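Before any comments, here is the structure.
So that you can tell them apart, the chains are marked A, B, C and D in the order they are listed, and the count of residues begins at 1 in each.
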Amino acid sequence: MSDTPLASPMTPDAPPPMAKPVAKPMTKTRLEAFSDGVIAIIITIMVLELHTPDSVSVEALLHILPTFLLYALSFIYVGIYWNNHHHLLHATQRINGATLWANSHLLFWLSLVPFSTRWMGESDFATIPTAFYGFTLLMPSIAYYILVRVLIACNGQNSLLTTAIGKDVKGMISTGLYIAGIALTFWNSFAGLACYVAVALIWLVPDRRIEHD
Amino acid sequence: MSDTPLASPMTPDAPPPMAKPVAKPMTKTRLEAFSDGVIAIIITIMVLELHTPDSVSVEALLHILPTFLLYALSFIYVGIYWNNHHHLLHATQRINGATLWANSHLLFWLSLVPFSTRWMGESDFATIPTAFYGFTLLMPSIAYYILVRVLIACNGQNSLLTTAIGKDVKGMISTGLYIAGIALTFWNSFAGLACYVAVALIWLVPDRRIEHD
Amino acid sequence: MSDTPLASPMTPDAPPPMAKPVAKPMTKTRLEAFSDGVIAIIITIMVLELHTPDSVSVEALLHILPTFLLYALSFIYVGIYWNNHHHLLHATQRINGATLWANSHLLFWLSLVPFSTRWMGESDFATIPTAFYGFTLLMPSIAYYILVRVLIACNGQNSLLTTAIGKDVKGMISTGLYIAGIALTFWNSFAGLACYVAVALIWLVPDRRIEHD
Amino acid sequence: MSDTPLASPMTPDAPPPMAKPVAKPMTKTRLEAFSDGVIAIIITIMVLELHTPDSVSVEALLHILPTFLLYALSFIYVGIYWNNHHHLLHATQRINGATLWANSHLLFWLSLVPFSTRWMGESDFATIPTAFYGFTLLMPSIAYYILVRVLIACNGQNSLLTTAIGKDVKGMISTGLYIAGIALTFWNSFAGLACYVAVALIWLVPDRRIEHD
């Protein structure tokens, strides 16, 4: 016992000191921390894209108001994903390797939101950039759905997670609204934008499914 | 025992032993981690805005001294919010979905500080940018007040939080000074700036209300 | 008992009851948190390098598709390192001062990936930038190997870590493919790039060595 | 008992359920997390300053080699502070409000390193920028000293921290070398730079004072 390097204290979840050490199950702490870091950066670097007004008048400030509101909208979308990710991982009890990739996949699509926000803002809401903006909102919603499926596969059909997620009606409506918004953009950019804004509104009500189920 | 939703806590990784798993209350760990991430980025990206001096002389360095001091001032404001946020969440025992949004709302306004700092610096303290800078300091103070109210509603009137916050005289004085500063800016930018600096000074004394109550 | 430096562990905040306090062993929590932060920033700031299309047409969007795919590729590489780092530290029970430097060394080389990605993208896959991109992928793989050795030296040959890592065939194949890719670049950039892509593909299968050993 | 909102489980370090709730001592977790975030960003955004070579030749790559080495040097300095901060906080058992400000003070000066690195690189190691670079290395070393004093005042003369820190000979030598380097810069920039490099070298040996005392 005294010569095994594994018998030390201070490793609160250390495996029992058997001959061949065994692996501990993965914990979700670092997955949450990494996701928090990436989402925090995505949500914050968008403000770096904001150009200062051309002059020091109130008119110049009002001139950038649409860009400003667009920034606020993207802030809300990324904030929604952070909130939902928080609720989702909170209800999760196990993760595995597939979870890590499904999570990175979600973060990848979210990381494009600052890019599409910038392009749409620069283009004054032209058709293609506005449709592309919708695309960069649609893809995270699909990636989030995949992440939920992978987590449920890992945690079991009878788990807290499955009960907590339920039918995810809000998620399905959101995906539908994004697709509708992209299509509408080709008729009128602002009709498409209205669909995107509708998604933000239905999520601003806190998601009580997991928290209080 | 069987009807309490808090049964078998503290073993987050264990599979629930009951037929229908129940949700755990939300913990504040991730809220703190996400806020730390966002505030760390806000406070750090401001230095990216600092333009290097035009030449390699001491004069050129002194020429950017006002911008440098402005950066230091904004660093202090964001640092104040991190400190207070730390104290506030430290005294908090429960959070809910409304808390997440109130917190994101605070982070949104804080995220505009690098933008307003840049504009005020570029404009050499013109009236509108200096007033707008005050606005981006005022809004977080209001958002912070809302966050405190939401947290108290969630934690209860008799909670540690309520006792710790007390009357928040400093917070009310700060909000008043920001409003006064914005108004004074239209008379003289530096009078407004003096009000903002006064707020920084009253907060640099560590907040002992929560820590040592 | 009195000569063990590990006495009274697990009560990190309690004042030591002995005359001369003794040091606790280092924990890996902060090493993980700092690495998560740096990797999260590396993976996210790459999107800041993406230039918006020149016009608002689908053609302009397709024109930046290679740059976009390059961004996705770099995202995957950095994601691979985060995943492997997660698995590696998960199996680690002790760290020491040498570990901190070996870890920073890995982070240093990873931090060059956004730079080399940008150069290769700007140069339209010219020979030297493409070889340099391979170099900035090769160096982290060597730094990762060093980190593994340092961790094994610290944790002992009989530790969970040693068992979990095994022969690291994937790691050796990756390093070989990077070297081959750099060499091939001087014949044809896209042959080199194909080698790099091959590495990404062999890692996208989740690493089950540590997780399920 | 049943009507107090504080008697719930799941708050592992909750105060005992007395009539008037009492404050818990501050924990260092968030201080570490915030510092990790800020230092991670400082160390990573420096690579954003690296300009890609003008052409796609090896010569163009070699042309930016001094800037590259300068980046590596600044990476090492910030890494040294992270390492030392890690060791310091590891040995710390208590923090207070003054600690938060002393820590933010250190982070402020560290946040200027990317700025001074950029200026010195752009100026091809001119006198004033090189001296200013030394200044932005000197100030964190002073801020670190203040942080150590504040922590010792908070933890007590007999604490683990005091024992672990010892005389801090390395720290004093570093501060001396920075001052010497700044002075030497006015004779020859590279003599000053040599002093700065010497500091990096004496720290690259892991600090065993706290770890193994």
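Some observations on this one:
Assume a residue touches a chain if its C-beta (ideal position, glycine included) is under 8 Å from a C-beta of that chain, and two chains touch if they have at least 3 such contacts.
Here the structure is a predicted model, which means the values were calculated and not measured.
The set of chains in contact with chain B as well as chain C comprises A, D. Averaging Cα atoms per chain gives one point for each, and the point farthest from that of chain B is the centre of C. Chain A and chain B touch with mostly distinct residues; of the residue numbers seen at this interface, under half occur in both copies. Taking each chain's centre as the mean of its C-alpha atoms, chain A lies 23 Å from chain C.
Averaging Cα coordinates per chain places chain A and chain D 32 Å apart.
Counting partner chains per residue, chain D shows two or more touched chains at residues 27, 33, 37, 40-41, 45, 48.
Within the complex formed with chain C, the chain D residues making contact are 25, 27, 32-33, 36-37, 39-41, 43-45, 47-48, 50, 52-53, 56-58, 60-61, 72, 75, 79, 82-83, 86-87, 89-91, 93-94, 158-160, 163-164, 204, 206-208, 210-213. Against chain A, in their complex, chain B makes its touches with residues 12-16, 20-24, 26-27, 30-31, 33-34, 37-38, 40-42, 45, 48, 96-98, 100-101, 104, 107-108, 111-112, 114-115, 118-119, 122-123, 126-129, 132.
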